[in-house]
Amino acid sequence: MGDVNLEDVTKEYGDVVAVNDMNLDIEDGEFVTLVGPSGCGKSTTLETIAGLTKPTSGTISIADREVTDLPPKDRGIAMVFQNIALFPHMDVYDNISFGLRLRDYPKEEIDRRVERASDIVQLEGMLDRMPDEMSGGQRQRVAIARAIVREPEVFLMDEPLANLDAKLRVHMRTELQRLHKELDTTIIYVTHDQAEAMTMSDRIAIIDGGELQQIAPPLVCYNEPANLFVAGFIGSPSMNFVEGEVTSAGLSTPDFDVAFDPEAVGVEPGDRVTLGIRPEDVHLADVAGQVAHQTDPLDARTDVLEPMGDEIFVYLETGETGDDTAMGGEAAEVDQLLMSVDPDADIDSDEPVEVVFDRESVHLFDTDTGEAITHSLVADEADAADDDRATPAEGDD
Amino acid sequence: MGDVNLEDVTKEYGDVVAVNDMNLDIEDGEFVTLVGPSGCGKSTTLETIAGLTKPTSGTISIADREVTDLPPKDRGIAMVFQNIALFPHMDVYDNISFGLRLRDYPKEEIDRRVERASDIVQLEGMLDRMPDEMSGGQRQRVAIARAIVREPEVFLMDEPLANLDAKLRVHMRTELQRLHKELDTTIIYVTHDQAEAMTMSDRIAIIDGGELQQIAPPLVCYNEPANLFVAGFIGSPSMNFVEGEVTSAGLSTPDFDVAFDPEAVGVEPGDRVTLGIRPEDVHLADVAGQVAHQTDPLDARTDVLEPMGDEIFVYLETGETGDDTAMGGEAAEVDQLLMSVDPDADIDSDEPVEVVFDRESVHLFDTDTGEAITHSLVADEADAADDDRATPAEGDD
Amino acid sequence: TGGNGGDSTATTTSSGDGGGKTTVQIATDADLKAVKSKFNKWLHNAGLSKDIEVEPIAGSDITNKRQNKYTQWLSSGRKKPSLLMMDNGWTLPFIVRDQLLNLSKEIPDTAKMVEDEYFSASVGTAKGPNDDLFAIPMYPDFPTMQYRKDLVQDAGYDTSGWSTSSMKWKRFSKITADVKKQSDVDYGFTFQFKSYAGLSCCTFNEFLSSYGGTYFGGLDNLFGPVGDRPITVDEKPVVDSLRMLRTFVNGESDKHGLDGVTGNISPQSVLQWSEEPSRKPFTNGNAVMHRNWPYAVNISGAEDALGKDLGVMPIPHGVSPEEAKYEGTGGATAALGGWHTAVNPNTTKKEAALEVLKAMTNKQVQFNLLEEIGWMPPRPSMLDSDTAKNIPIMGRYMETFRLAGENAIPRPVTVAWPQERSKIAQAANATVSGQKPPKKAMTNLKSTIKQIEDSV
Amino acid sequence: MATDHSTDDFERESRRSGPYVRAVRWMENLGDAAFAYLLLTPALLILGVIAFWPLIRTFELSLHADQLVGTGTVGEFVGLTNYVELLTGQRSALLVRPLLPTVVWNGQFPFVHGIANPFTAALTVTFIFTIVSVFFETVIGFGQALVLDQDFRGRRWVRVAIILPWAVPIVIQGMIFFLLFQPNIGFLVDPLQNLGVFSSTPLSNSVDSMIILVVADVWKTSAFMALLILAGLQSIDRNLYEVARVTGASKWQQFTMITLPLVLPTVLVAMLFRTIGALRIFGLIETVTSCSTVPSLSCLVVSAFSSRQYGTAAAIAFITAGIIAVAVSVYIAKFADAQGGGV
Amino acid sequence: MAQQSDTVGIDADADASKGPFGRWVSKAIRNPERVYRAMFYVVTAFFLFTTLFPFYWLLVLAVTPNEAITSFGFPPVPHGFNPGAFLTIFETVPLHIYVLNSFVLGITTTAIVLVIASLAGYVFGRLDFPGRRPLMLLILAVSYFPPAAFLLPLFQLFTGNVTVGLFGVSVSSPNLYNTPAPMVMPFTALFMPLSIFILTTFYGQIPDGLEDAARIEGTTRLGALFRVIMPLSAPGVATAGVLTFISVYNEFFFSFLMNDGQVASKLAQFFASQNNWAPLVQGILAYQGQYSQMYNLMAAASIVGVLPVAVLVVIAQEKIVSGLTAGALKE
C-alpha cells in the first residue's frame, strides 16, 4: 500500500543539482531515515516525493501508482516541514484540524483526533493559542500533530524534532514509533540526529551532494559503511582516518604500521588505502584485555581531554614531529586520533600513552574512489563477525 | 565588560508566566548555556536580555549598566534567532553584512569579515544566493554568520545549530568556542542538545516552567544535580529514579533495598526518598570488577536491547510481578531500570541478570520537595569523590 | 388660435397599446418631474387622451451632460424616451444629424402655428437647414439687467421708464459708479465672464451685439453655412465691447480701455464667475447692477431677498440698431436661452408622443408651467396677459422680459460651434483679464475660427 | 484513533468521483503554464469583451475622418491622417487650447514658452501635474501610512479620518476646492492674494489653478497611497525588525533597510496607478476650474468626443494611451527590480 | 548624528535656565522615545488637520443656507444655521435610494473583481510561465485609456445594437441599459487591473512553505489560494476591496451614461425592481440646476453619502490591520 519508489530522480535549480539520479525503493510500512550533510538534498527529495516540486527528470511511484504528475493532495501523504510552516492566521486547533476539515470529517471525529494528536505531542492546554504565541518547540509539535492527525499511508518528516529537548525527543520518538506500528504507515524521515536515525529507522539512507551513498539498516551503516563518506558521516564523534600505502606486511602510514595479510583482504602492495577506526575501537594498551584481536601497540601522546559525562574523548597525537606538510592537505588529520575511554579511566592530558586498535573493527577504504575494501582485519572471521553484529539491529524491527 | 545580570526578572504573557523571578549572574567572558524543556522560557529569557521584550518586572544589567529600558541596539549584543529570520529581500552577503553596513564600516573591512564568517560557517560559494534558495541548515548558518560578524560584547544564541548535521555541529561548536576565546565575549546559548551543553559551556543553567533550577558547571549539573528535575533532565538517556522509604538500614523500595547509613547522608528512617542512578552506573554484576563500591547485586530480567553503535541500552525489569498499581502514578517507572553496557557485552534480551549500582554514584532526593540530599553513598568520601570528578570539567576551560 | 392647435388627429391617439395606457417618457429636468401628476392633469385638461400618460425623466441639469447623454441615446438608436427636452443651444447638431423627427412633416399645422406665434428667435434655433421645424420651444430664457432700485433711487436717479427702455453703456457705467460710491456696496456691476460656454453664447455675445458687432456677419449666417461665411470678430464693435469691459474691470487708466465709459465698476472676480457665484453678492444686496437670467429675478425678487427693491431693465447698448452695421444688432440685446421639446425618431410611440407635444402648446398648460415652475411662456403675447402679470415676483417684470424676448439674439449654433465657443471664451476672458490687447486677441481669434470653419 | 481505514485519504479520494472531482483533478494536473492560462481566463474574458473589443472599435474610429453632419458616426477611412495631423499641429485649431498660451505671453510658464501646439501644451501641463502631485502623494501617503502603522489610542479613528478623503466623490472634491478659491466665497483667495501667492482670480489663472489642482488631488489621493502602503507595512514579518533592532539598526536604518525595500513593490504599484490616474486627469479639472484653464490630455479627448469629432477623439485617446505606456514602462522596469525579477 | 549633538547643546542651555521646556527637553534627551512620541503627535495632528479641514468646510457649506454661501472669513464659520438641509436633500430626491444603488453596484463589482483578480494575482504572483510579463502589461494597458475611449462601442453593446454572427445565426446583444450590468461590467474591467497588481504583490510575498503545507494537507492549488494565501494577504485583499468599492462609489463616467438617472422613489419600489440604478453621484448632481447650484444641498448630500463609506472604512481597516500585526508572514 504505502511503498515509495524513486527512479532516477534528478532535481536541478538552475546550476545547482539538488538531487542527482536518486533511486530509492522504500517498502510499505518501512521507516527510512535520510541523513546527510546540510544542503545535500534531503528536503528536496522529500519535496519531490510529496509532489511540491516536480523532478527535473525521473519518476516517483507511491503504492505502485506512478504519481510524478499527481498533485500532493492525491498522493496520500502527510508531511512535517523543516521550516514548520504553521498557518499564522489559525490557532493551534485549526492548524491541526486543517486537513480533516478540508475533507469534511464530522466534527466529533475531528475533535477526537485533534485531542489525541495534541496529547501525543503534549500540547493539550494550548489548542486556542496562535502560532506566534508559542515557543519554537511548541510550534514544531503543532506541525507534527498536524501531520499525524491525518493518519495517511506515507509520512514525510523533515527534521521534526530539531527544536525539542532531549526528554521530549525521546518521548516523541517513542510515540512516532508507536504510531508507525499502529497505523502501519511508511515513514520517510529526515534527521541530523544520529541517535534518532540509529534507534528509529529500519534503514538509513545516507546522501551526499544529492547522491545516495548507501541505504542499509543502521548497524550495517555503522559497521560496514559503503565508502569513506558514510564511514565518516555515521558515528559521533566520527571515525578516525589514516592514509597509507599497502606493503607486503600490511599498511604503512607515516606514523605507524598495521600488520595484516594484504591478500586476505583483497589489496595489493602499493595500493593507496585509507584506514578507518572508530574512537571506541581505539583502546589504551594496558586495559585492552577484553579486546580479542589487537594491533601492535603504538605510541601516542594525549592532547585534549573532553569529558562527556558517560565517556571521555581523548585526542591523541601520533606523529612524532607534528610536521603538517608531510602529506599535503589531509595531513593535519593524519597525526591526530580520537579515542573514547571510560570516565573512570586513569588518564590525563599531555602525557604519553600506548594505544591499540581492535583489529575486528579496522576498516580499509580505497583512497582514490573512497569505496570500502574491508571492515575487519581478522580476515577469516570478517564476514562472520559482521553478521553477528548486524543481528541486534535486525532484531529491533 | 560583558557581564550580564538578571535580577528578579519575570515575564508574563497574559496568563502565561514565561519567565518567573529569574536571577542570573553571568560573568564577563563566560559561556553559559540555557537548557530546559520546550516552552520553559529559554527564548523569552534571551529576548528580555536582548531588549526585544520588556520584562513584566525585574531589572537587567549588562556590563554593570542597567539596560532594562535601553533599546536593543544600545546593549552591545548580537543574537541568533531560533526562527532564523533572514531578511528575505537580501542575499546572503547582504544578510551577513547587515550590521556592519549599519555602522558604516569601510567596504574592505566588511568584505574581510563577511569572508571570514562565511568561512567559519562553510558558506563560501553562496554569498549571492537569496534565502529562499537555500536549505534549512544553510539558512541557519547564515543566521550564525550574521551574528558573529559583528564581534559584540555579548552573544545570544537560540538553538543556533538545531538544523545542522552532526559533522557540521561539531565543526561549528569548535568554531564558536574558538571565537569565544578569541573575542573574549560572553555567550549565552540555548540548546536542547546535551552534548553541546556539556562540551561548550562554562556553566549550564537549567530552567523549568520559567524558573531557574540550577546553574553550575556541566559536570556539577551531571554529577550533583540540585533536584530531581535537573537530575532527570541532564543526561541522556536519563537517570533512573526509584521511590522508596528510608529504613534504619538504608533505603527500601518495592523491588529492592539499598543499604547505607541514614545518619551519614542526613536522612531519617521514615523519610520518603527517591533514589537516582544513571544507566552507566548500573553494571552487570559479573563484569563490575572495576567498580570500587558496589551495592548488593539485585535480580532483574532484561527486556528490550537498544544497540547504539558504541553502547547498548538495556531495559531491565526489576519488579517480580510487573504489578503497576503498587505505588500509584509513578509506579510504571519503578520497576524499569535502564542500563548502559559495552557493545561487546555478552547479553541478550529477555534473560535473567544480576546487576549492581555504583554506590559512589547513587543520588538521593527528597521525594516531596525534589531537592537533592546526597550524590554518593560512600559516606566518608562523598565530598572528596565529588571534587575529584569535577576536576576535569574545571580543567577544561 | 388656441393651444389645441389645428390638428384634429387627437382622436387617433389610443392606437398604440391595444386600448391600455400608453406611457410616453419625456426626458426633462427635475422641476417638471416634481409636478408630474399636475402636469398630466394639465395636459389631459388640454385635450390629451386620458389613455396617454406622460412620465418625465429628470436628466442632469448640467446642459453639456444632458447633451452628451442624448447624443449617446440617439446615436445608439434607443427607443426611449420618446420626447426629449433640448437646450436651444444644441438642438441644431441633432437636427443636422437627422436624429430628430421632422415636425413640419408630421404635424404641419402645429408647426405652422408655432412659427407664427412663438418668439421667432426661439423658433429659429429649432429649424433645420431646409426651414423645417424639428422641435417645439417649451420656454425661452433671456437675460436682463437687474439692479438695486432702492440704491439707485437713493442716489437721486429716476428709474421710471427704465424697465422698458435700454440705456447707453456710457450712462449705465456712470450711474453704476456713482451709486456704488454713494452706497456701501462692494460691487458695482456684476456679470459672468469666466472662460466657459456661457461667455461665448451669451454674455459676450450680448456685449458685442449691443455695439453692433457679430461673430459671423449678418444674423442670417448664424446657423451656417460653416466655412462660407465671413468671420467678423475682429471688427470694431467687437473690439469696442472688449475695451469697454476692460475699463469696467481695470479702470479708465487701462490703455486698451474704451474712452467715455466710467471705469472700475466691476471686480476682477467676474473673470471667474459663472451665473451662481456672480448672483450671490447681488442677491445679498452687495452689488448695484447685475446681468443674469430670469431665474435670478425669481430668487433676488423674493421677499426675504431684495423684494420690491429689485429693478429689472433691458441690457444697455453701445450703439442703436440704426447705427449698427448688421441687421438685428445694436440697441438692447438679450442672448437667447431656453429649451425645446423634440421627438425621438426611433420611438415606438410616435403618435402618442406627437399628441403630448401638441397638448404642450396649449396656452393654459404654459401658464400653469409659468406659475408652478417659472417656465416663461414661449409666445410673446402671453407675457402681456394678466395671467402672466399676476404671477408672484416674475409677474412684476413681464414687460421687460417681453422686450428682452423680442430683442433676443440666438447663439450661432453650428457643428463647429463647440470648438469655436471655447476659443472665443478664452480669447475674450484673456483680453479682459489684461493678458492680451483686444485688437490683437480678436485678430488671432479670427484666424483660429477660420481654421475651425475650414476644417469642418 | 481506531485504525479505521474507511476514512483513509486514499479511499476517500477514490470513492469520490463525478464531474466536479474530475474537473479538480484535471486542473491540479495541469502544468504551471496551462494552469496559469486557465486562471487568467475569466479576467481575460471580461477584459476582452469590456475593454479590448471596444478599444479595437475605437481604434477603427481613429482611422476615420470626423463626421459632424449627417447620420453616420464617422466619415471615410483616412488611415493615420488623424494621428499625423494631431502630432504635427494641423488640428490645433480644433482642440481646446485654452488659457495656456496667454499665460505663456505673461512669461509665467517659462518652460512652455511659445508652445503653440495645444497637444504639446496639454502634454506639458499633464506631465507637470503628474510629477508634482504623484511626488507629494507618495511622500504624504507614506507619512500617513507610517502614522497609521503605529499603535496609539484612537488610531482607529485617525485611520478612518485619513482614509476618508478618498471616499469623497470627485464632484464633491471639486466643489470643495472650487468654493475654497472662488472669489467672494472662499476665504482663501484674499489672504493668498495679499501674500502675493495667487492672483485675484486663481481659478482662471493656469499656474494658480495647477497648484490648486495639485493640492486637491493630493488631499484626496494621499489616502489611496496611505491605504496601500499601510497594507504593505502590515505584511512585513515583525521578526525582521527584532533582528534589525538587535543588530543595532536605528529607527531610520530600519526604515531604509527593511521597511522601504519590503514595501517598495507596493509603493511602486501605488505610484504606478496614481501616475496613470494623474496622466488621465479630467474630472477634477472640470469641476474645479475648467479644461480651458488647465487643459490636460484627457480634456482634449473629452472635448473632442463631446463635439462629436469621434475620429479625432479616438486618435487622441490612443496617443494618450501611448504616452502613458511610455511613462508606465519606467515603473515596470523598476517594479521588476523590486520584485526580484518578477512581473 | 549632527542633529543629535545639536539637541545636546540645547539640553545644556535649557537645563541651566530650568524652564519647563528645558526640563522637558532634558528629559527627552535621556529618553528619546519621548521625542519620537512628541514628533509623532505633531505629525498626526498635522495630518488630521489637513485631511479633516475640507470636511469641516463641507459641513460649514451644508449648514449655511445656499443664499448665504458667500464671503467666508477665516476660520470659516457657518453663515446662519440651517441643519434642515440634511432633511431637504431627502425631500428633493430619494438620496437613500441612490446610496443603496451605489452600494449594490459597489459590492457586486468588488466581489467580482476580488475573485477574478485573486485568480490573476495568484497567477502573476506565484506562477512562472511564458507570457507572464506581456499578459500583465496587456491587462495594465486597459487603464491607459481615458474612459471615453470605451464608451461608444460599449454603449452600443449594452443597448442591443451589436450583432454577432454565430454559426450563421446573427445574435444581437441584449439591451441592458438601466440595469446594473452595463455599469458593473465596465467598472470591473476598469478597476480590475489595480486589484490584480495589488494582489500580485501581496500574494507573491507569501512564503511558499505555507502553500506547500496547505497542499500537503489536501487542498488543491486553488484551495490553497482561498484558504491560506488570501486570508494571509488580508491587508492586501481588504485594501484592494476598499479601493475598488470606493472607486465604484465615486465613478462618474459610466455612472452617468449607462442609466437614465432615474431611481425608485421608495424602498418598496426598489425591491419591486422599479429602479434604474442611478448611483450616488447622479443623486448629488441632482441638486445642481442649470444655473443654480445648491451648494448647501450638495454638501449635505456628500456628507450623507460619505458616511456609509466611512462605516465601511471603519470595518475594513480592521481587516487591513488585522491580527497579523504580531506575526505577519512568518512561516
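Per-chain residue numbering starts at 1, and chain names A, B, C, D and E are given in the order in which the chains are listed.
What we mean here is this: contacts are C-beta pairs under 8 Å (C-beta built on N, C-alpha and C of every residue); 3 or more make two chains touch, one makes a residue touch a chain.
Just so it is clear, the model here is predicted, and its values are computed rather than measured.
Separation of chain A from chain C in touch steps, taking the shortest path, is 2.
A count of C-beta contacts for the chain pairs C-D and C-E puts C-D on top. Centre to centre, using the average C-alpha position, chain B and chain D are separated by 60 Å.
Mean C-alpha position of chain B lies 97 Å from that of chain C.
Centre-to-centre separation of chain A and chain B, using mean CA positions: 23 Å. Residue positions of chain E touching 2 or more other chains: 69-71, 151-152, 207, 218, 220-221, 285, 324, 326-330. Under the contact definition stated at the top, the residues of chain C that touch 2 or more other chains are 68, 75, 280-281. Touching two or more other chains at once are residues 83, 85 of chain B.
On the chain E side of its complex with chain C, the touching residues are 67-71, 92-93, 151-152, 155-156, 159, 161, 177, 256-257, 260-262, 282, 285-286, 288-293.
Against chain E, in their complex, chain D makes its touches with residues 9, 24, 27-28, 32-33, 35-37, 39-40, 42-44, 46-47, 49-55, 57-58, 61, 73, 140, 143-144, 147-148, 150, 152, 156, 158-172, 175-177, 179-180, 184-188, 191, 219, 223-224, 227-228, 230-232, 234-239, 251, 265-266, 269, 272-273, 276, 280, 282-283, 297-298, 301-302, 305, 310, 313-314, 317-318, 320-322, 324-325, 328, 332, 339, 342-343. Residue ranges of chain B in contact with chain D, taken from their complex: 50-52, 71-73, 77-79, 81, 83, 85, 87-90, 98-99, 101-103, 130, 146, 150, 156.
By the touch criterion stated above, chain E contacts chain D in their complex at residues 36, 40, 43-44, 47-48, 50-52, 54-55, 57-58, 61, 69-76, 115-117, 119-120, 122-125, 127-133, 135-137, 139-146, 148-154, 157, 185-186, 188-190, 192-194, 196-198, 200-202, 204-205, 218, 220-222, 233, 235-236, 238-239, 242-243, 246, 249-250, 252, 280-281, 284-285, 295, 298-299, 302, 305-306, 309-310, 313-314, 317-318, 320-322, 324-330. Those residues of chain C whose C-beta lies close enough to touch chain D in the complex are 64, 67-68, 71, 75, 93, 96-99, 194-196, 267-269, 271-273, 277, 280-281, 415-416, 418-419, 422-423, 425-426, 429-430, 433, 435-436, 448-449, 451-452, 455-456.
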